[in-house]
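Order as written gives the chain letters A, B, C and D; numbering starts at 1 within each chain.
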Amino acid sequence: MLVLKKFARDTSGMVGLVIVLATAVVAVLAPRLAPHPLDAYESHPLQRLQEPSRQFLLGTDNLGRDVLSRVILGARAALTIAVLVVAGAMVIGVPLGLVAGYHRGWVPEIIMRVTDVFLAVPQLILALALAQLLGPSLKNAMLALTLTYWPFFTRIVFAETRRIRVSVFVEALQGLNAGALRVMFFHILPNAAPPIIVRATIGMGFTILSAAVLGFLGMGATPPDPEWGLAISESRQYLPEAWWFAAFPGIAIFLVVFGFNLLGDGLRDVVDPRLRRSR
Amino acid sequence: MLRFFLRRVLLVLPVLFGLLVLTFVLVRIVPNDPSAALAGQNATPEQIVEIRAKYGFDQPLIVQFGIYLRQVVQADLGTSIQSGRPVARDILQRLPATLELTFAALLLGAGLGVPLGVLAAVRHNTWLDHGLRFFTVGGVAIASFWFAIMLQLFFSMQLDLLPLRGRLGTAMTPPAHLTGLFVLDSLLTGRFDAFRDALRHLALPAVTLSLGAMATITRFTRSGVLETMQKEYVLYEIAAGYPRELLIAVYVLRNSLVATITQIGLLFGALLAGAVVIESIYDWPGIGSYAVTAIFTSDYKAILAVTLLVGIVYSIVNILVDLIHGLIDPRVATEL
Amino acid sequence: MSDDLVLAVDGLKISIATDDGLACVLDHVDLRIPRGRIVGVVGESGCGKSTLVRAILGILPRAARVERGRILFGVEDLLRLSQRELTRRIRGKEISFIPQDPYLALNPVFTVGTQLLEIMRWHAGAGGNGDMGRRGHRARLVQLLRTVQIPDPEVALERYPHQFSGGQRQRLLIAGALACRPRLVIADEPTSALDVTTQLQILRLLRDLANRFGVSMLFVTHDFGVVAQLCDEVMVMYAGQSVETGQTAEILDRPRHPYTQMLIACHPDRARDLTGIPGTVASPLAPPPGCRFHPRCPSARAVCSTARPGAVVEAAGHEVSCVLYHGPVSHV
Amino acid sequence: MSERMILEVEGLETLLGGERRLLGRARPPVRAVAGVSLALRENEILGIVGESGCGKSTLGRTILGIQRETRGTIRLDGRAVSGLPPREARRARRDIQYLHQDAAAALDPWWSIGRSVEEALVITGVGPRAERAARIDRMLAAVGLEPALKRRYPHELSGGQLRRVTLARVLVLAPRIVILDEPTSGLDLSVQATVLRLIRELLAEFRLAYLFISHDLSVVRQMCDRVAIMYLGRIVELADTRRLFEAPAHPYTRLLLAAAPRLDPGQDLGDIPIHGEPPSPTAVPSGCAFRTRCPHGVALCAEALPMLEPVVDGHEVACHRWRDLAATPAVSTRPAP
């Protein structure tokens, strides 16, 4: 397939794909990959705040837990949040954008004004307020992120739909008397897919960052869950001595988000129907 | 142009109204009883009922919304639990600090981002371009709170080069209040000692905050310039014998800045959001750290006020962006 | 090169590297533009006329390579000049350009005056042509706009491109092309985006200006009808090769090359039975050897697939590249 | 050609746009079609000719039914099909189909050719699958395409092939009227000829009638039985093709004929009294819309709108002065092919 061939030539996109796939493997196999899976949750006062060593490659934290194991286990939380939040936001946002973009009248007007209101406040601040009011927990953090992320998809799908709606092939379909649902879901949605896919990919990275902030501020995961943001927050009072405690979860965040962004960037050029070729 | 401006302002009003509804709904739909929250943890049921009546929580929702609306219009955002003072006053006092930080970050981000973006576009597909691409993708992948901590760890704790936290050293008296931005005020009043100190305190937070903005601006400037270079009129300009330097510096850049400026408007929201976290790490006495404390103390009035304020500031910035857009591209103003 | 030629393209061959391989977009292109004449280049899409224009202006895409040939402008080979020299001395000054789509060719965020004056100022400064000064340029430009029949030239200079109609924009671009008193004007399908009544006025204007200013013109088009209306001479291109050159009337009345004959026969004014030309245009990625038209040519012979004949003079100024006109003994 | 009218349009008017937005500049609606009456006979090709912005495409879209008429009636086989909301209008006018100008853009880039053609049948409710497949194969053969093309995508096809695909998609629905919007635009001359021939062959084969929208007079002369000339939303002249080209009555028609490029060298471009461009449809001049560019305008032209009146049987013109001008020959007449 031409798409794959083109993508394979895009080095940075491939790097992104490798990082994302590796993260997924790590997340799935986390309990088996972690060198000290049991030590990840239990505290060992005797081995607290140890420097990286052969036994604990990335050192230990304030409760004597293995940082590497907790970083590995954190990947699972991060990916779960990313996938669920982005999927949830798409389920809400994409149909709204399609409806608002395809029709005219007061329904689209209302949808888009509500979207504007949500977009008028930075997502993180809205999510923080919502998470606080719902009560701090990982589930509520995910809910808050989902409920504040859908407008991004609505906006993109709306713009794409408006653009595609006036294209000649849609007019030709209307000339053949095709129904609105048929045109929207069979014709406009696939044509709008490239930017949605790119947005979703980059959105995963973005969501991981936002979730880490919520965790860092105590509005997300709760101790003793192995979550990267939370870990960095816990590490602050042991600085500058226990630098490893703060550094490695942050590097993990960077790597995964970097992977998603590279992948999204690479996909941008590739998801183009002109690369579809019959055989 | 005036009509264009008025229209933009008018279009923001429904958004602001929607924002009020949203914040109101947030408080009312959320399961927590605001009266209970207001009364504190040790309140008796009678106290809660009393508070409910006092704040009108026993009225129908629409009446409550009316009350809320009137309060907001009168800039009465309630009293903060944590400070015991009116939220509006707290916010007004802390706003300059946040503005100083975000403007500094924006200046840094745009000042470096635009030239870097042009450079990447002009050196399209060279190692420089690829390197900058790594930077732009990586720059938005770093968790800013972590980056802040790492900068503190290195520049303050290890090297002891820059202050760890705060806006001014404890020994330094703040400059006379003119704009509320210490860097500007100290310069205007000739307080160069305060200027130096304020700048040193500003350095790390501003760099932290600007990283994402710089990456995004670089990226958008690059793609904007590249896109403009593909345009028919650039081909014509080349064929008409415009020298390359003039072409890029004047003709291409002005066209591509349209995209960059729209992006800067959108970035302002990200900067405000970033400020929340970064201010709390650097103990920067602005809106952000205020919001974080409010979150920790469940000070919901303060939370809503900050949400509202950020929405308003963001809307104003975007009106400004539209105005600049209209000034750069004459078609925009006539079309709307 | 004789004195009365402004431009002479000799045996030009250009290929462009693409994702699918090397595309030989121009091969054996010869073109002569005598002083004060309007020469049309006509051909169907993909025949290489745009590449030819870009080669003369020195604005070929980066992936393009000139394999062979010369482009003589006066005594200079344009292909040997650096971009710097082309910018300073040639483009916009000696050779100017009128683009295809007037709706896209003007920068939307600058006034017309800024854009047109910039070219004049730049070339006056660098070319050593004597600085006329700001006011001088402006006066000359206003005069030019009047010549191309733009109403209210002073006001027009302060307006933005989107405030003009398509025909007026094309007039502005014509004024821009004449601003620095060029010796050669290259027009790339300047009327294909316009309606017939507007097109006629633009053609009439070009004809008048060519006479009045004595400039030579290269006029690229796909429409033989426009050639008939405007051009003195015409060169017919097929799949990157020049196949026939001559006086317009001569070619229209007595086309020699089979391709020219079939192309003219396709025109609705001449066509009786709507036959078209069978087959498809040769791909530049894998051009047929010899004469590129031979796979579609009804008169093709065995030799056509092995070698391409040089041009043969058939009548005064009428040259054909086809074995049919090489007499009984065909040569390579 | 029979004398039976398959399509009759009377006093058709279409307004476009004209939304009033908050504090925005008020935009009056554009009268893209301003009272058009015409009739199409069975098995006939009626040409609609005009410059860009004259409303010829809007006329086609209104007759098709995807643009709603503001006034006027449309009768299909004597049955009124106007005044309906869009989807019902399309259902009632199923016998009318439309061929878009840009064939490449008229096909969904994500769908293969076979699926795109089948889509037309699916929408109309033709089933089962085997029957659809058979009809598609027959139709592809009729327009001269290989069945193997069904698996290809639009960007892999040439302009001529795409034109045939869109023709097949429309004809597979067995329409009786096809509106052809600039069916040869963007095609090279050598391809144009073959497409035109196909269009003419299909007319006889499927017993169709065409509304042939074009700006190219040479093509129209070759293809059409009758021609209507449009200027700013109105038909200014309507006649048999031969009559129109040999004895044009309206000054605008005369100008168009004179301005069109043709293959005789050494024409004198200077003689043709032409200036300016058509006014914007948002600011149509009073009276006769053409008077601002007309070399024969008199005071009356600014005051009264000329109505179509018969010159001879089957030849109508909307001009106050056609009788005076009939004496003066048209600037230049074209030789017959």
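In this section, contacts are C-beta pairs under 8 Å (C-beta built on N, C-alpha and C of every residue); 3 or more make two chains touch, one makes a residue touch a chain.
What you see is a predicted model, and the numbers here were worked out from it, not measured in a lab.
**Q** What are the chains that subunit A and subunit C both touch?
**A** Output, common partners of subunit A and subunit C: B, D.
**Q** Could you find the chain whose CA centre sits the greatest distance from that of subunit D?
**A** B
**Q** Looking only at C-beta pairs that count as contacts, which pair of chains has more of them, A-B or B-C?
**A** By the number of C-beta pairs in contact, the winner is A-B.
**Q** As a quick test, compute the distance in whole Å between the mean CA positions of subunit A and subunit B.
**A** 22
**Q** Taking each chain's centre as its mean C-alpha position, how far apart are subunit A and subunit D in Å?
**A** Computed value for the inter-centroid distance: 51 Å.
**Q** Roughly how far is subunit C from subunit D, centre to centre by C-alpha average, rounded to an integer in Å?
**A** Each chain reduced to its C-alpha mean, subunit C and subunit D end up 33 Å apart.
**Q** Where in subunit B do residues touch at least two different other chains?
**A** none
**Q** Residues of subunit C that touch two or more other chains: which are they?
**A** Within subunit C, no residue contacts more than one other chain.
**Q** Residues of subunit A touching subunit B in their complex?
**A** 12, 113-114, 116-118, 120-126, 128-130, 132-135, 205, 209, 212-213, 216-219, 229, 232, 235-236, 239-240, 243, 246-247, 249-250, 253-254, 257-258, 260-262, 265
**Q** Taking the touch rule as given, give the residues of subunit C at its contact with subunit D in the complex, in rising order.
**A** 44-45, 165-168, 195-201, 203-204, 207, 222-226, 228-230, 248-249, 252-253, 262-264, 266-277, 280-281
**Q** Quick check on the complex: what are the subunit A residues that touch subunit D?
**A** Spelled out, the residues of subunit A in touch with subunit D are 167-169, 171-179, 182, 187, 190-191, 273-274, 276-279.
**Q** Provide the residue numbers of subunit D that touch subunit C in the complex, in ascending order.
**A** 51-52, 158, 188-194, 196-197, 200, 215-219, 221-222, 255-256, 259-267, 269-270, 272, 274-275, 277-278, 334, 337
**Q** Given the complex with subunit C, which residues does subunit B contribute to the contact?
**A** On the subunit B side, the touching residues are 231-244, 246, 251, 254-255, 258, 328-331, 334.
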